[in-house]
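Notes for the one structure printed next.
By letter and in written order, the chains are A, B, C and D; residue numbering begins at 1 in each of them.
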C-alpha cells in the first residue's frame, strides 16, 4: 500500500472535499474540523481557519507547525482546538489525517460508563479499543476545549496507538493513515454508536467484531476502488468534485 | 464584553435571521418564536406578528411594551404567547433575547420527573439548573398557552436567574444576553436532551458538566469569532445573509 | 365557530394541499390518504384515486358515496381502503375530514399493550381516549386492509366519539371537524407518540394532558389565525399555495 | 400473476430506478447493491459495477454468470460481494431480484440475540421467519464480505425458502419474485425493525403479524396498481422516471 505522492494542491483540494463531506454527512456542524499532514513537510499540517466545515474553501486553509503555531503568523483566526491535530501528528508518525467531531450519536458514550465497541463492519477502522479521555482528570475545570499543547499531548497519550479517542461531554478525535480512511471512520463511528446503543437498549447479548476481523479489514488498500467508491459518493452528495482534474 | 451599539435596522435584520435559523435547525416549526429587547428602548421588545418563524420577514416584526401591548395598536394579530417575552425582559435586565420552542427532543423532560442536566459542552449556555414550570400549578386547567401577563410573570419567576425553563407538556423558554447566545442555547438544548436521554436509557452513570466548567464557558465573549462562526453557518444553511451589509 | 361555506373548487384545492402537507411532513408515504366530506352533498366525500399523496393533483380526486361506490363508476382505480372514510362520515355527522396514515412513530403503540396518551399541547386534538382496533378480532386473518364496508363500520364503531383510532400493525385513522384540524392532529400525533415513548423509556412518571385542558383547547376556532398559521407554513414548506386565489 | 415479458432494455431501466430508490430511501449508502435475474438468460444476472447505488446509470450495469464470473471478462471492477446475488439465484429459481443492504435500523437485530419479527403490514414481504447468518460460523475470521461462491452459497442455504436473511454485524439480503417486490421489502424492513425495537423497548407484549395474514398478503399481484403506486412515488422522489417510455 504505497501512498501516492500528493502535491500541496492535491492535499488542499482533498481537504476541502473532506470538510464538505463531514458537514453533509452530519459528522460536524458549526463546530468540528479535519486536517491532513502537509504532503511535503511532515512536521506541518493543513487545517482551515476558524470556519464551519460546510463553508470551508481552499483559501481558508492554513499551515501549522506541530505545536500549533501558524506558519504564516499574520493569518486569520485559527481554530482554538488546533492543538488536537498537532499533538496527534507529533505522537504518531503513521497518522496522516485527523478529524475532531461532536457527532451526537457518539456523545452518550462519552458522558457515562458504557464502553464503545466495534459492532458493524463498515466501522472496523475505529479499532478494538476506543479509550475515553476526560480533560478534567488532569486539567480540572476548563472550558472543555483542547486549547493548548499540553492538553493536546494528554489527549494524544490517551489515544495511544488506537484509531479513535472519545472525549467526555465533548466528542471524539479520529486518526488514520489517509484522509479517506479518517473520513470513513468518522462517518461510520456514529453509525456504530447508534447500532450498539439500540442493541444494548433491547437487552441484546452483543457480539462485537473480533480482533481478527478488524485486523483483516485493516489490510484493505485505502486507495482500492471499494474505498474510493465511498469518497466519490460522499463528495457528489455534498456537491463537490471528488477529485482534482 | 461590551455589547456593540445596535441600530433598530440591525436588530430587525438579526431577528429575521434568528427566526430562519431556528426554523431551519428544527427548534421551532409552525409554532415557537424569538424576540429581542428593543436596542433603543429597553422597555420594549421586537417580535414577529403571529406567523411561523420560517416565513418571518422584517416587515412582520412588531414592537411591544413589556406588558404585551403593541406599541402600534392597529397592527396585525400578535402571538398569543407574547407575554412570555415581556415578563422575562421585565424580570431580568441582563436579558436581551428570548426564545420559546416546542422542540420535541426536549419534551420528554417536560412531561415527567426526569431532570434535565447539562452534559455536552456546546450546550453549557443552558446552565446548571433547568427548572420545570407547570401552568396547572397556579392556573389550573388552561389551554396551556401563556396568554396573559400573570402567567408570563409566573413563568419568569420560575425561570429566576437561570438560562432555560422547561414548560410541562409544552416546551421551553430560553433567555440570554444576546440573540446569538439564545439561538445557540436553543439549538443545543435539544442536542443535550437527546444525549442525556440516550445515556440514561443505556443505564449509564452520567457525568454532567461541572459548575466550574459552565462558569468558565460563560466567560466566552458572545461576539468572538468562535461564536459568530456558528451564526454565519446557521444563517447560510437557512438561506439568509448572516449580517446586514 | 360557524364553518365558512366552501365551494367544491375550494374543497378540491384544500384537499390537494392536505395531501402534499401530509406527505411532506412524513405522515404518509407511498400509502395513506386524506378525504373531505363533499361541501355540497354531505352524503358524499372527496378522495384521490389510488395515488401516493405527494403526487395527488386536483384532477386525481374522485367523488364517492358513503358506502364507497364511486359517483362516476367509470373512473380510475380507487384506494382499496376508501371504506375507512365513508364509514366514519356515516357514523359521525360532526366529522368533515378523515386521514388514514401508517406513520412509524405511532406504530409501536399499535402492536402491543402500551396505551397512547395525550402529553403535548399541540396534539390535544387527539383527545383523551385513543382506542386500538385489531381487524383480526372480528375478521380473522386478512390482508389487514379495510377493504369493505363491514370492516370500515367496525373501525368506525371502535373510533366511536373519539378523534383517533389506532389500527394494530397498520397505523391510525384521525377524524375532525375540518381539514385543517385533521391535518394538525395527524402531524402532531406522531410527535406525541415520540415524546410519550421517550418519557416512558426513561422511566418517567408521565403527566398527561388533563381532560379539562383538552376540553379548553377544543374550543379554539379552527379558522383562527393561530391555526391557519400552521396551514400556511406547512403548505409553503410542501411547495403549494395554501389558499385558492 | 403471470410476469410480463421483460426486455433487456426494460430490465436495465428498472434496475437503475431501483438503485436510485434504494439510495434515496436510505436503504443503501456508499455500499449495498441490487440485482435482477437476466430477463432472457435465467442463468445470468444484472448488477452494477462497483459504484454507489445513487450514482448508478444504465451503462454501469454488467452481466454475470451465477458463479460471479463477468460475462464480459474485460469489464470494469465488479462488486466484491456479487457472490451473494448469484448464489441466491442458483438456489432459488423463484427469485428474480436480490438486494443487499447495511441499513442501520436493521443492524441492532444482527449483532445480538433479539429475533426480528414481522409486525407492520407493509413489511409482510419479509415473511414469518427471518434467519440470522454469521459468516464467522463456517469461515472464521474474515473481512465479513461475502467474497467467494462458497460464502455466497452458505448464505443462500441460511436464507433457505425465506424472503430475508440477516447478516451478523453486516446487514441483510432480501430476495423476491420481482424487482418492485424486493425494493418494497427492503424499504419496509428497516421500518419494521424500528417499530419492533421501540415496542420492545417500551416493554410491550408484541403482537406480530400472523402466518395467515402474511400468506394472504403474499397473494397480492406485484403488478397491481397498489404496488406500482409505491414504485411511481419512490422513483419520482428519487428524481428518475418510473417507467421506460
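Keep in mind that, in the parts below, a residue touches a chain if its C-beta (ideal position, glycine included) is under 8 Å from a C-beta of that chain, and two chains touch if they have at least 3 such contacts.
Only a predicted model underlies this, so the values are computations on that prediction, with no experimental measurement involved.
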* Asked: Over half of the interface residue numbers used by both chain B and chain C, so same, or under half, so different?
  -> different
* **Chain located farthest away, centre of chain A as origin (C-alpha)** => C
* Structure fact -> Given that chain A and chain D share one sequence, their CA atoms superpose after a rotation (degrees, nearest 5) of 90
* Report the inter-chain centroid distance for chain C and chain D in whole angstrom, where each centroid is the mean of the CA atoms. => 33
* **CA centroid of chain A to CA centroid of chain C, Å** => 46
* Touching two or more other chains - residues of chain D -> 201
* Once bound in the complex, which stretches of chain B touch chain C? -> 29-31, 50-52, 54-55, 77, 80, 102, 104, 107-108, 111-114, 134, 136, 140-145, 168-170, 197, 200-201
* Structure fact -> chain C residues touching chain B in their complex are 119-122, 191, 194-196, 198-199, 201-210, 212-213, 215-217, 219-220, 225-226, 229-230, 232-234, 236-237
